[in-house]
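Pasting the structures here.
Presented sequentially are two complexes of subunit A, the first with subunit B as partner and the second with subunit C.
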Partner chain A sequence: MSQSVYVAGVGVISAIGNNVTEHLAAFERGEAGMAEITLLNTIHRHKLPVAEVKLTDEELIAVTGPTTHNSRTALLSLVAAREALNDAAIPNLKELRTGFVSANSVGGMDKSEDFFVEFLADNSKGKLKNVFDHECGSMTEIVADQLGITDFMTTISTACSSSANAIFYAARLIKNNMLDVAVAGGVDALTKFTLNGFNTLMILDKEFCKPFDEHREGLNLGEGAGYVVLVSDKVAKTLTNPAYCKLSGYNNSNDAYHQTASSPEGTGSYMAMKGALAKSGLQPADISYINLHGTGTQNNDSAEGTAVKRLFDPNYPPVSSTKSFTGHTLGASGGIEAVFSVLSIKHGLIYPNLRFKTRISDLPFEPETKYLKGQDIKHVMSNSFGFGGNCTSLIFSAV
Partner chain B sequence: MKVYIRSSACISAQNTFGNQGFLTDVVEYEGTRLRAIEPDYKKFIDPKQIRRMSHVIKMGVSAAKECLINGNVEMPGAIITGTAFGCMEDTVTFLTRIIEQEEELLPPTAFIQSTHNTVAAQIALMLQCHAYNNTFVHKGMSFESALLDATMLLIEQEADNILVGGTEEMVDTSFTVLTRLGLYKREPVTNLSLYDHNTKGTIGGEGAGFFLLTDKASADNQAELLGHTFFYKPTDVEKRITAFLYEHSLTAADIDLVITGKNGDTRNDAVYTQVCDSLFKNTTLAAYKHLCGEYTVASTFALWLAANIVKKGVVPKAVLQTPEFTATSKKILLYNHYQNKYHSLMLVSAI
Partner chain C sequence: MATNKYLSSTCTIAKNAVNKNGITLFKNPGTDITAFLLSVYQHFHFNYPKFYKMDNLGKLGWLTAEILLKDDFERFNYEPEEIGVVLTNSNSSLDNDLKYFDTISDIPSPSVFVYTLPNIVIGEICIRNNFKGEHAFFIQEKFDAAFIAQQVNYLLDNDILQACICGWADVLGQDYKATLFLVEKKKNEQALLFSPENIDSIFNTI
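Presenting the complex of A and B:
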């Protein structure tokens, strides 16, 4: 059994960049990815800002090469997963047991929406190729096929904590000696389904979101994909480039309070953070930075803030929500923010929480607003909480 | 370490739920869609909530609760579910409204309940269970992925009494689309004669199956899960099966009963015939999809069936495909595949 699981590669695509380098540059410039809707065909255009990946489906296909389905979900996933695998540059990969554990919440919904318009008028109509790969699992399968991964694959969907759970499950497959290498993370594309869904909940900010601000008014939806390549101790020793860090802690707890809302005390968030610390053998004071879930809704930031206070008071590490750059990428957020956490350790970075002005009145701490580099970052906690009370925290540690 | 199935519960198109005969009263259906027989949900769910819940949530929550009752466990150590399509009824409802109402004045309920993790979340909410909670959505391996998660948690000593299950609902829209995609037979069919047709296509089903897993031995346990595995696009199924049995110090001759996922589709069943003709020529064979239909988590029906066979010491006549070659079935191999891409093996033994 592998005692530790290392991060050997990272890949990411979101509204602020199409790869890791572009993300680092956007963070340094303090440049958010939100803008008016340009790609999604919806009545909410010009009304609600979103954080779209700045490539059309055709432009994405030009990067990925054609796949069998071409759902935007699969295309985004393939861009980031391939970057991660190339970045890891694992020697003799073909001889190792490799898996792909991916997460998403929408599957091929972007194409199913097209299908459904015609289908609804006449149920013998609608192009079947648009609905054939509707399932979440199909997205994973399409990408695994393109990456040549056959030993193992699966898909997780726990709403906004999906890809944090994918990373955690993949790490356990390595620890249980079922795999040597796992590409893990997740993806979600913007769809009318999710945009309208969140709009009915009245938690979308009509301006750019203000996570952890007293006057926050909701979240902005985003899209993208983020993957880490996890490897066993044995594989880590063979790497040409040293591993970025290790995944030292993880926990999945349930808030068991409400289908969509978080409990006021942040029970699930508190348990997830506390459990991840226990798993890694660390104390709260050991955490160098928390990449918050920080969606910008009243409810999440209040519950998460309370949970952070319960666990860390009175010594708070720097905290920030990178959703102020990428928007809330739903099932992808845990993967994307895992990549940011890994890069934080590698480059000594703390990301600014954009547009923060006023501390939340009930909280004794506030997020970091400056871009800081050259910091001594040893342990980063990444929070991902979702509908259904699904709360997951991961801890990445320098090696 | 051993993994035991402490208890199970299954809602399907047959009388599998609650205190009923063990597939003694088989239900015959005409057509290619088998609907689950719905239990009295009031026994499990607050009537006010029943109205708001979709079919799959009701089935999932009820099967989960019945499983806990059967296992005499109030609070599970983890809740893990598998579903390929998730909450189709709510998904279709919300999608329809988006189109018909042109994105205006939409009520949120269908969206809220449309996420794939709704069943696991609702179980946690009802039980006030803060433990590990996960949902796998990988096509025909959704339940298998969940089962792997559950057994890893036991091995890691992270939790005990793990509630793991699979749920899938068939709604009109999915049935129409899947029919157009060629999954189901085009000619009239009754489920009990499913294997006589020798044509393409199968019959569609739905259901929910839950299991309580523990590593603690007890005379009350239903069965032991000796092992399980799944793999993608294998070129050498027989070798894989032999290797899997070998890992558990067994050979094909040690298996008393093989339960295959045969579903009456000639394209689907060829591989079962090939494996059974080569490895299991002298082994008792059983099948079940003529009873419950084909669905992405149909292997929950098979696991429920196997756990009950070893516990009760009887193989229901309705599932037998050959004469019984052994007096009792103590070691059972479950072999299922989903569209010949994903293959899964489970090995169940009497305790």
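Presenting the complex of A and C:
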């Protein structure tokens, strides 16, 4: 039986705030989260800006309580997932079938990196405990334990579209009557591995990133976590606070073009957006706002821009990339931006695309640069496109 | 439902020779791996400029798949989603990882970096052939015929795939070997049964 899936709660942590309220305030102030590196121990300090969550691991533990493996990834995940679950305040949660579908791409790697410094110097040194929870799935298990979720859990790792895929997988579990409630989204902490890797690919901007600008020079890495609580029709009716919106459309497509680049025509992104519209039964003209993937790299923005043009020309909805605030949070970005999309509907918001100056020469549209509130937002499209050509679009709709 | 599956074709590249369906098609003794793989590419008149960008694992797997599928695969019988790839090896992408590590002291090379994962070779084969079915790469100590048969049987018996390219592709320094099998549900004239015994024996022949 196909049924609607509702968003009952949201939770988010990123460089611009430790919870939903702080994010809304940062957007209104137009305050970006990038800065010089202060927490990550790397040779790129003072050279590359990143968007760090402004709490140390110890400060995060003070918020969450200690877990079995205090990887920064697990701690960030726990903060946002718990906020989402509390926000949803689902009556009789214990009697419902609840799942945790969480995405990430680095797992407990931050701790493994510490381990290897000691271990490489002396093979008898290094705490094995620090590599025990290296893998992505461990993060999900640790957080599910802390949340008391035991009915179902799974981890999705498909690079930068990971948590968008987690959300739509969770929605399908509810639609197919396998779960009543799912906490879905994702997390990624900054690590040396990802910073060095993206630096090798020569796609990091040494200044603050400029998504969708003709003179964009790359992305800034960020970290954080974002989760939505999805519920079935039946659970939605029991909520004390009304549901935020519905998840009305979703699609995952792959352009099978290159390991780390989209095809110039944006075939994968085009198919994902088109497929999500078809799933929701909407027309391009129905979309009130697009939260772009908008990483700020030459390749993504031109491919995504071309795909938006193919689908929406000549009537473009307002579009912007909130990565101009949060940096690119990789496996967390789909979850974080899903939360922003939900809040866009709830508060009638369109987020500004910071630092935009010059329209991309091949594109007939440009991103919104002003913070707009009180807008009539009915349907928001959220794009998340990953390495390997893994492209996902979600559509959230007002109820 | 479990039905018989057949080895429509097999191809091995090892020891400076290319062998397809038991017949040696090309030999170039005495050359190092890079020169040998290039000579295979040239001998078969392949025209795929991206070949030159690939790491040795990518080149080895790609060439083996090209020769495996050449003349013997009626791809139009299948949808892209019905064809998958299951590969194994014992050295992951270590050959290229070491080369990448050497570039770090100077300027880390983006083009070497993108090959620092073993499953990239599957990507190269899928991009070339527009295969969009399930795929997986397993790292194991040695060629494990029973394991591969179990994986591929599962995919075909449950109609997740209708055809599968499977086998082994491994490179480390000058040591290399690839053996790929094209597994289909329909039986061609001389096709052998797809079984752990048959693929093990073909793998160990060369």
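The working rule: the second predicted complex is superposed on the first by the 395 of 399 C-alpha atoms of A that agree within 3 Å, B and C clash if a C-alpha of one lies under 4 Å from a C-alpha of the other, contacts with A are read in each partner's own complex, and residues count from 1 in each chain.
Convention: a contact is a pair of C-beta atoms (placed from the backbone, for glycine too) under 8 Å apart; a residue touches a chain by one contact, two chains touch by 3 or more.
Source: prediction; values computed, not measured.
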Side-by-side fit of subunit B and subunit C on subunit A, or clash:
clash
Touched partner set for A:F340, first subunit B, second subunit C, both or neither
neither
Subunit B or subunit C, by number of subunit A residues touched:
B
Is A:N123 in contact with subunit B, with subunit C, with both, or with neither (first, second, both, neither)?
first
Looking at A:L201 after the superposition, I want to know if it touches subunit B, subunit C, both of them or none. Which is it: first, second, both, neither?
both
Is A:F132 in contact with subunit B, with subunit C, with both, or with neither (first, second, both, neither)?
first
Figure out whether A:N254 sits in contact with subunit B (first) or subunit C (second), or with both, or with neither.
both
Have a look at where A:Y227 lands relative to subunit B and subunit C in the superposition and call it first, second, both or neither.
neither
Which subunit A residues come up in both lists, the one for subunit B and the one for subunit C?
196-197, 199-201, 254, 256-260, 388
Given the complex, residues on subunit C that touch subunit A span 108-110, 113-115, 120, 123, 126-127, 130, 132
Touching subunit C in the complex, subunit A uses residues 196-197, 199-202, 254, 256-260, 388
Subunit B residues within the subunit A interface of the complex:
79, 84-86, 91, 94-96, 98-100, 102-104, 106-108, 111-118, 120-122, 124-125, 127-139, 141-142, 145, 149, 152, 155-156, 173, 176-177, 180-181, 232-233, 341
Counting only contacts in the complex, subunit A reaches subunit B at residues 42-44, 105, 107, 112-113, 116-117, 119-120, 123-124, 128, 131-132, 134-138, 140-141, 144, 150-159, 165, 169, 172-173, 175-176, 192-193, 196-197, 199-201, 252-260, 267-268, 271, 386-390
